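To keep things simple, chains are lettered A, B, C, D and E as they appear, and every chain counts its residues starting from 1.
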C-alpha cells in the first residue's frame, strides 16, 4: 500500500494519495515536500518508488527490504554516475504494546530522508506512522513543514510507545520481588530469569538506537537543519532515560535473584533445624525407653517400687530440660 | 509564586518583588541583574515569565515545566527569528533531607542563566533557594554580583544538602554490618538489598549531575566568566567525592552481603553439627540398649552375675570415649 | 594448486588458468585485473607467485604462509628499494560448517589486494572461494569488475557461513535450557560449560575480525574505492550482529547455569525434606513402641484391659496429628 | 609553626628561619628561591603567609586550610586584578607508617609552587618534609636548586613511604591465606573483608594521586621545567606500580575468600558424611537388635540352640560388609 | 662482563671484544654500529660504559641498574648541557623457561638504543641475548645491519620464549579440568587458585609490555626506521595473541572452579541422599520391630499362630514397596 502526501514549504497540504504518474513531477517541484509511506508494499510498488522514482542506492534498498536486526543511519551522497539526491537512510525499531509470550515484538521502520522528501517503509501497520499522518493532514502548519520535522514526530512517537512496555516490566518486577520474599518456587526462578532476559533484550534494542540518535543530537547530518537538532536531542534524552530504567531493572532483578536463592537455601536450613530439634527432643525419651527395654534380670530399677514412675519422671525432666535449653538459645 | 530581585552590577540590591509590568523595563537595563524565582507558579505566571518576558525556546520551557528524570545543561543561542538573549538552561536535582520510606526524594531545580538575568523554577519550596535569596538580600556585595555567582551559590548549597543523607546512609550501613555479623535474619537481607538499591539510586542521581558540572568545570560555557570557573570546579570536586563515597558504600554492602550469606550457611552447618554430635554420642547407648533388649534365652550376658552393671559400664565407657574423641578433634 | 583468472576493466573474463610464464605480461597490462588463487600450494608455487611475480614484502609472505591466530590487515607502500606495487595484506578466518568435537574449526584466508590484482592464499579448499570463482566466471559483469569487488564477495560469503554454526549453537542452548530445568545431571553442567567455552571462542574469532572490517567500513584504505565502502560496511554490520548474538548466547548460558545450580541445590533440599518428613512421622510411633517395650513390672498400662488398643490409638492419633500439621503447613 | 629557607639560584643556602618582616623583600629578589613550610600554623600565620605575603587565590587557600578528601592539582594564572604570581596548587596525601585499627591514616600535604617560591602546608609533622628540609640544609647543591626540584623530592619521599604499609598488607594477606586453608573461623571471614576494604581504600587514595602525577609526567605545567619532567615520570611509575600491587592484593583476597567459603561448606559436607557413616554402620546392628527384641512366642530363632550366637555373627558380618563396602568406595 | 661488537653499516663484523680505551674512537666513527652488552657488570664497568662512554641521562641509568617492576620505554633527547646522543631507553622482561615453585621468574633486559649504538644490560645470562649475538657474529649481513634490527631480534626471541611457559600452563589447566570433574579434592581448589594467580601474573607482565610495543608498532619513535616498523608490529601481534591466550586461560579456570564447587556440593547432596535412602528403607523394619517389642500382654498378634511370620511378611512387603517406590522415582 502506498500512501502519499505533498505539502507546500509553508506546511500546507498540497495533495494526497497522489497518482503514481504524477509523483515525478511533484518530486521535481522544489517548493513541495513529498512524504511517501510504503506499508507492506508489493514488490512492484517497492521497485517503483525506491528504484524508479528516487533511484536510491541499491545497498540501502536491500537494507530496507530485508529485516535488519540492528538500527542504523547512513548518509548517501551521490557520485557522478548516481541519479539520486543526497539522503539519509535510517532503520529504527518500534516496540509493540502487547507483549506476546513475554517477548518484546519489534517492528522495523525505514526512513529515506532527503531535502524535500521523506519515504517511510514498514512491513505492517504502525501506530506512530498513522498517528503522524493523521496529525499532519489535520493541522499541518506545525508538524509538516519539512521532512526533518515529520521524521522527528515519528521518532518521538516510537520512543513514546516504549513507555507502556516499561511500565508492564516494572509491575512484573515488583510482583516478582514479593513472590521471591513470600512464596519462592521453581517457577519464580524461571520467571526472574525470563524477565531478566527480556530486560537484556530491551537494552539490546535501545542501545544501538541511542547511538543512532546521538549522531542526530550531535548535529552530524546536514540534512537535519540546525534548529531541529534540539528536538532530536530531546528524543535522545528520552532514550537515554529508558536505558537507565532498563539498567535499574537489571539491578533490581539481580537483587531479587539473590533474595530468591537465599530464601530457598534458608528453607533447607529451616528443615534441617526441625529435623535436629525433633531428634534432640526425642533423644532422652528414646534412650530411657531403650534402656529399660533390656532384659537383664537383675536390673535394680525393676526391683524398685514405682520404678516405672521414676523412669517416667526422668524422661519428662530430661525432655523438659532439653526443650528449655533450646528455647533459651532461641531455636524456636 | 514569583519572587524577583534586581541588583546593580556592583551587587547592591536595587529592587525587590518587582511588579510584573516593570520587569521588561528592568530587564532591558543592562546595568541591572535580574533574578526571578518561580516557586510552584501558576500556568499564567509561567507563561508570563518564560514566554512573554524572556521568549525562551519552547523546548527548554517544556523541559522546565515537565518533570525531568535526569539533569542536563544546554546552551541556547538565538537564531535570526528568535527573540531571546543567549542563555544556559540547566536542570539539577536537589536531594531531600528526610528520607521517606527509605527512598531519596529528589526535587528539581531549573535554571535559565543569561548575561544579566537568572530565572529559577521549582515545583515546591527549596531550602537552597530561600537561603541564597536571604543571603543575597542581606549582604549582597559578594553573592549577588552576577547571575553566574548566584547560580554557583545555589549549586553549592544543593550539593551541601547531600551530606546529611550520606551520613544517614553511612550509619545504616554500619548498623547492618553489626547486624549481619551478630544477628542475621531475613529482615537483614532485605534491608541490605534495600540500602544497596538506595545507594545505586544515589549514584544514578549523582552520575549525570557530575557530567553536567564537569562541563562547567572545563569552562565550556561563555556565559560563565573565566574567574568563576574554579568555583564551579569546587562544586564538581564535591560531587566527585560524593560519588566516590557512594562507590565505597556499594563495596561495603557487597561485603556485608557476603558476611550475611556466610553467616546463614554457617548456621545450617552448626545445626548439622549438633545433629551429628547428638547422634554420635547417643549411638553407643542405643546400641547397648537395643542389643540387650533381644529376647534370646541363652544370651550369656543375662546369666552373668552383675551383667546389667557390665552393660552399664560398657555404655558409659563407650559414650565417654566417643565424647573424648570428638572433644579432642575440637568439635565442641 | 594455482588458479588464475584475468578480467578486463569492464569485468569480462579475459583468460583463465594462465600459464606461469604469461603472468608477468598480464600483470603489467593495466587494463587487466588478475586474480590468482593459491590453494594448498607447493613451496615452489608460493615462491613463484608471492616472491618472484609480485615481490611482496617478506613479512607479509611470512604471515601468509604461517598459521596466524588472529585476523589482521596491513597496508604495504613500497619504499625506493622495494619492487612491489602498493597492496593491502589481510588475514581473515572462515568458520567450518561441521563442528567436530564441539569446537569451531576455522580456516585462514589470506588476501593480497592491489590496484589491479588480488592474490588469495589458503591451506585447503574453501567454499567461499570456489563459489566466488564460479560466479565470477559465469556472470562476470558485476562481481569481477575490480579486486575490491571480488574481495567484498569473498568476505560476504565468509560471514554468511557463520550463520549455520550460530543456528546450531542456538539449538543446543535451547536444549540445555530444557535439560537444566527438567533433568539436570552432571553431564548438563559439563555441557553448559562446554558450550560457553565455544561461544567465548566464537567471540574471540569475531572480535578482531570486526576490528579489521571496521577499518574498511571507515574507508581507511585508499585501495578500496569510495563507492565500495558501503558494501564493506554491510559486512561489518553483519559481523556486528553476530557478535551481539554471541553476547546473547553468553547471557543465556549464564542464566541456564544459575537454573542448573539452583536445581541441584533444590534437589538436596527436597531430599532433606523427605528425610525430615519420615523422621517426623515415624517419631510418635517409635516413641510409643520403645516406651511400652520397657520391662518395668508395674507399668499401669499393662494392667489395663485393652492397654494395647489404647497404645495403638495413641500412636495412630499422634501420627495423624503430625501428618495433618505438616500437611497444613504445605510441606507435601 | 613557620619554617623558612632561602636559597640562591645556585642552590646555596642564603638564609634560614627568616623574620616575617623580611620575607616580602626576599620574595621580591628574583635571584632567590624561598621555601616556606607551614606546620600546623596558627590562623594568623596562615593569613600572613598565604594572604598577605603571597596573595594566593581565596579558593586555593580554602582548599589548603580545609581537609580535602581527594588529591588535586590546579594552575592559577593571575588576572588583571589579581596580585599573585602564577602558581600551581597541589594537594597530595601521605600515608602513615603505623596502621591504627587496620585503617590507613593519611595526612595531607599542600603545595603552592611558583617560579621562585614553594609553600608547603600540613596539619602535623611529616617525615618527608623534615627529611627534605634536612637534606636541603646540609647538601643543598643538588636538592635545592629550584622549587620544582624540592617538590619532586617531597613527592618522591611521600611515595616511598607507601612501601612499608604495602609490605604489612602483603604479610597479612599471606597469613590470611594460610588461615583460610588450615583453620577457617568466623574471624577469618571478617578479617578477609577488613583487609579487602583497606586495599580498596588504598586504591582509592592512589588512584587520583596517580592522575595528578600523570599530568606532571606529561609535562602539562610550564612551572615544571622540561628537564624535571622525567623525574616526575619516575614518581608516576612508582605510583603506577603500587596501584598494580593493590590490584594484585584484591585478586589474592578474592581467591582467599573463595577458599574460605569452600572450606566452610566442605566442613558441613564432612559432618554430613560422618553422620551418614555412623547411621550406615550402626543400621545392621540396630535392625538385628530391634528384630529379636520382638515378643512373638514362636520366633524360631529363639528355639534354636546358639540362636544368640547366630544373631551376633549376622550382626558382625553385616556391619563388616557395610564397613568394607564404604571403605572400598573410599569414603574414609 | 662486557661483550662488545662493532659492525660496518653494511652489517659486516668489524671488531669484537673491543678494548675499553678503543670504544670512544669506534663510537665516534659514524660508519660503525656498536653493540655493547653488559651482563652482570661490576659497578666500575657500569659506570665506564653508561656514564663515561655514553653520558646517558642519570635517571635512565638509575632505572637500568635498579630492578624495575614494569616495562617501559622512554625517549631521551639531549638539551644544551647534555652530552649524550638522542637515544631510546627500554626495559623489557623475559620469562624463564623453568617455572620454579609455580611462579613465573622474569628477568629484566634494558636497552639503550641510539642511531649507531645499542647497549644492552642484564643481571644474568639471557638466552635471547647470547643467541642473537651468536647469529650476528656468524651471518651478520641480515641481522646486524643496524641497532633497530638487532633490538627487533632480541625482542622477537624474548616473546618467543613465552611459548613453552604458555604450553605448560595449558597442560596444567587441562589436567585440572579432568581432576575437577573426576576427583575433586581440597588440593584441586588450591591448585586452581594457584594457576589462576599465575595466569593473572602473566597477564600483568604481558599487559604493559604490549603497551610498550604498541608504541613501536605505531611508529612513534624516530630512531626506529620506518621500514622496521612492520617487524615491531609483528612482535606486537605475537604479544597480543599471548594476552588473548591468557584471557582464555582465565575463562577456562573460572569454568573449572565452577565445576569444582558444583562437584563438591553435589557430593554432599549424594551423601544426604544415601542417608535418606537408608533411613527410608530401614524405617518399616524398625517400626515393625519396635512395635512388636512392646510388652502388652493382650497383643492379639502374639496370640495368632504364625504371628511372627505375618510380621516378617509385613516387614518384607513394606520394605520392598518402599524400595520399589524409590527405584521407580529413579533415586538409585
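Observations on the model:
The criterion applied here is as follows: a contact is a pair of C-beta atoms (placed from the backbone, for glycine too) under 8 Å apart; a residue touches a chain by one contact, two chains touch by 3 or more.
This structure is a prediction, so every number in the text was calculated from the model and none was measured.
Rounded to a multiple of 5, the C-alpha superposition of chain C onto chain E involves a rotation of 70 degrees. Per-chain Cα centroids separate chain A from chain D by 42 Å. Rounded to whole angstrom units, the spacing between the C-alpha centres of chain A and chain C is 26.
Contact of a single residue of chain A with at least two other chains is seen at positions 265, 268, 272, 275, 279, 286, 290, 293-295, 299.
Interchain contacts close the chains into one ring where each touches exactly two others, per the touch definition above.
The sequence of chains round the contact ring, opened at chain A and continued through chain C, runs A, C, E, D, B.
Those residues of chain B that touch chain D in the complex are listed here as 181, 226-227, 230-231, 233-234, 237, 240-241, 244, 248, 251-252, 255, 258-259, 262-263, 265-266, 268-269, 272-273, 275-276, 279-280, 283, 286-287, 290-291, 293-300. Across the complex, chain A is touched by residues 57, 59, 63, 69-70, 72, 74, 76, 79, 186, 189-190, 193, 196-197, 200, 204, 257, 261, 264-265, 267-268, 271-272, 274-275, 278-279, 282, 285-286, 288-290, 292-295, 299, 301-302, 305-308, 311 of chain B.
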